[in-house]
Amino acid sequence: MSVLPYLVAGWIFLAGCYGIATSRHLVHAVGCLAVCQSSTYVLLLAVGYRDGGTAPVHSDLAPGSRPVVDPVVQALALTDVVVGATVTALLLALVMQVAKRHGTVDPDELSELRG
Amino acid sequence: MNGWLWTATVLLAVGFGPVVWAVATGPVGRRVVAQNFGTSAVCLVMLLLAQGYQRPSYTDLALVLAVLGPVGTLVYARLLADDLSPHPPHTNLLTAAAALATTAVVVAVCAATGPGRAMVKLLVTGALLVAGNVIASRAVSGGYRNAEATSHG
Amino acid sequence: MSRRLRMWVLAVGGLGVAALLAAAALRLPGFGGDDHPYGERAVEASLARRTSNTIASVNFDQRAFDTLGEETILFAAVLGTVVLLRQTRDERQVRPAPERVAAPVRRYALVMLPVALLTGLYVIAHGQLSPGGGFQGGVVVATALHLLYIGADYRALERIRPVGLYEVGDAAGEAAYLILGVAGLVGGSAFLANTLLPYGTFNTLASGGTVPLLNAAVGMEVACAVVVLLARFLDQAVEIERSTGSGNDRGE
Amino acid sequence: MADVLTVLALLLVAVAATAAVAVRDPARQALVLAVLGLALAVLFTVLQAPDVALSQLAVGSALTPLLILLSVRKVRRRGQREDGGR
Amino acid sequence: MGRAAAVTAELLAWWLLLMAAWLVFISTVDALEGFVGAGCALLGALAACGARRAMGER
């Protein structure tokens, strides 16, 4: 149990990489990249967890009354989820451009095209 | 691990577990219905976790999910209309189950929180969730399509 | 580089990475341990500045400069998408066909649009108190506006959503964040330092000095950025069409 | 005892992530990614990170599916030369 | 004259509904919360009326 979250994060990362490497549709590959990104959130938050801890949000919690988990890793993961979505949108825009230029979204076909 | 967290665990295993399987396999219609039911199940789990961890501020999560969940399902009903129209899924049973589970959980959590603005917030969240679930599943199951001939959006 | 060879390279590389990850995981401190030096200091600093949501304090006060970087990545990503998805010469703009949506869905969209907008604004405003903040609330506000596309058709959404205004809003959000930073500099302390405003009373809307203002700036920028993003995607998917009349482009 | 909830949430996320990779059709993958977002939100709440769960819910429930499905519609239309600006 | 009255009536109705929702959402009620809530509710009411009008005309 003490190492399971890190192994699950590793598994999700490898599954995402496998998906990207073997994908036959560029939009599917972008989806797999999103899966890879979510593995980093699982790892970050697993590192910051404390048994019996609660979120350091003091709107309904008296400061210091209960052990709290690490807020720094949460701040890292929080901004990245939203920025990750916009980067996914940028990648999808690139996929649309590839489809417009080469008329195909299959990575294998793309590598054979010249120019 | 009090009773609330136990209920959340059971609801997660029984309610959300099959959703993950149902959304990955089978016809598109069933997948969209599974995603819609998954939204309700997770919203209820959020309410139970908020109560189980004694953190009322976690109910904001259930509120945002109750507002945005059905919107996601309507996006599918709209953009996957071509794949859904040949054999629309029938969703009445699942919608009834979701509505029943929502009322049960909301009533239980309201009883625990006691009267006050927090209870009204829970009732609003429950109402939004049930309304969204009903509308989304009707839209997915083509309940409206034969009522009006619509071109694809 | 045949496909089979690539599969082998993938398998070997994957196993190697898996082995390294497993070895690293075994050396990490156990899950749920009590050793969180940075966490404790962050909580102390946030309470010192009377910000009740420590995560917002870390994001907009202790690490405000990194959040400026995140926000600039978001701005650059939207800028890239706008440049990439512009209408090229050989494409023409087609007016979207009116879409008749069932009455209950239309009523639901009409009722839910303001409620979702209010929820988004609530999440932004209470960023430094309860869970939430500019990033999450901005996305909720942007999604709320697109209920109009779901409830009716793209033409109705275009009528209520002038894209130019949202592009200006996007840039204004980023500029507001920078101005608040420079104001800290002008105020005699460091860039983006939270020494400008009084910290107010704990757990109220005005607590935390400049954190609520930075939160609002990020909220505006994320909301406008997502609206501009979806506008470009909807244009491409619904409106822009290859003009069949003129010569074919190379791809076909 | 709280481990049961954490282990269950972790397993759900792992299964949903594997499903998201295994589903090859992008439109269907958008659905599985939405469910993966829900599973992640539950895991983040169990790990006491409500802000990150809220962020995942806001992005994963409506924004990402809309982006992916619009891209699929544009790429599919481009591929099979359907016209008519729906 | 009737049309302007109708629009303001609708705007006011939406504003009241959204203000009530805001008061339910927040945990502690004080002057500043009410003020910010009034602003956000007004924004929501404007969006509601704009959406209804935009959806009305084809």
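Letters A, B, C, D and E mark the chains in the order given here, with residues in each chain numbered from 1 onward.
As a working rule, a contact is a pair of C-beta atoms (placed from the backbone, for glycine too) under 8 Å apart; a residue touches a chain by one contact, two chains touch by 3 or more.
The shown structure was predicted, so the numbers you read here are calculated from the model rather than taken from an experiment.
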item: Partner chains shared by subunit C and subunit E (touch criterion as defined above); value: B
item: Between A-D and B-E, the pair with more C-beta contacts; value: A-D
item: Most distant chain from subunit D by Cα centroid; value: E
item: Mean-CA-position distance for subunit D and subunit B (Å); value: 15
item: Length of the line joining the C-alpha centres of subunit B and subunit C, rounded to whole Å; value: 25
item: Euclidean distance of C-alpha centroids - subunit A vs subunit E, Å; value: 37
item: For subunit C, residues that touch 2 or more chains besides their own; value: 53, 55, 97, 99, 109, 115, 119, 123, 126, 129-133, 135-136, 139-140, 143, 147, 203, 226, 229, 233, 236, 252
item: Per-residue multi-chain contacts in subunit E, two or more chains; value: 21, 25, 27
item: Multi-partner residues of subunit A (each touching 2 or more other chains); value: 1, 4-5, 18, 46, 48-49, 51, 54-55, 57, 59-60, 68-69, 74, 78, 81-82, 85, 89, 92, 96, 100, 103
item: Pairwise chain contacts, counting only pairs that touch as defined; value: A-B, A-C, A-D, B-C, B-D, B-E, C-D, C-E
item: Subunit C-touching residues of subunit E, taken from the complex the two chains share; value: 14, 17-18, 21-22, 25-28, 30, 32-33, 36, 40-41, 43-45, 47-48, 50-52, 54-55, 57-58
item: Residues of subunit C defined as touching subunit D within the complex; value: 53, 55-56, 94-97, 99, 123, 131-133, 135-137, 139-140, 142-143, 146, 226, 229-230, 233-234, 236-239, 241-242, 244, 252
item: Subunit E - residues contacting subunit B, complex; value: 21, 23-25, 27
item: Complex contact set, residues of subunit D against subunit A; value: 2-3, 6-7, 10-11, 13-14, 17-18, 20-21, 24-26, 29-30, 33, 36, 40, 43-44, 47-52, 55-56, 58-59, 63-64, 67-68, 71-72, 74-75, 78-79
item: Sites on subunit A touched by subunit B in the complex; value: 54-55, 57, 59-61
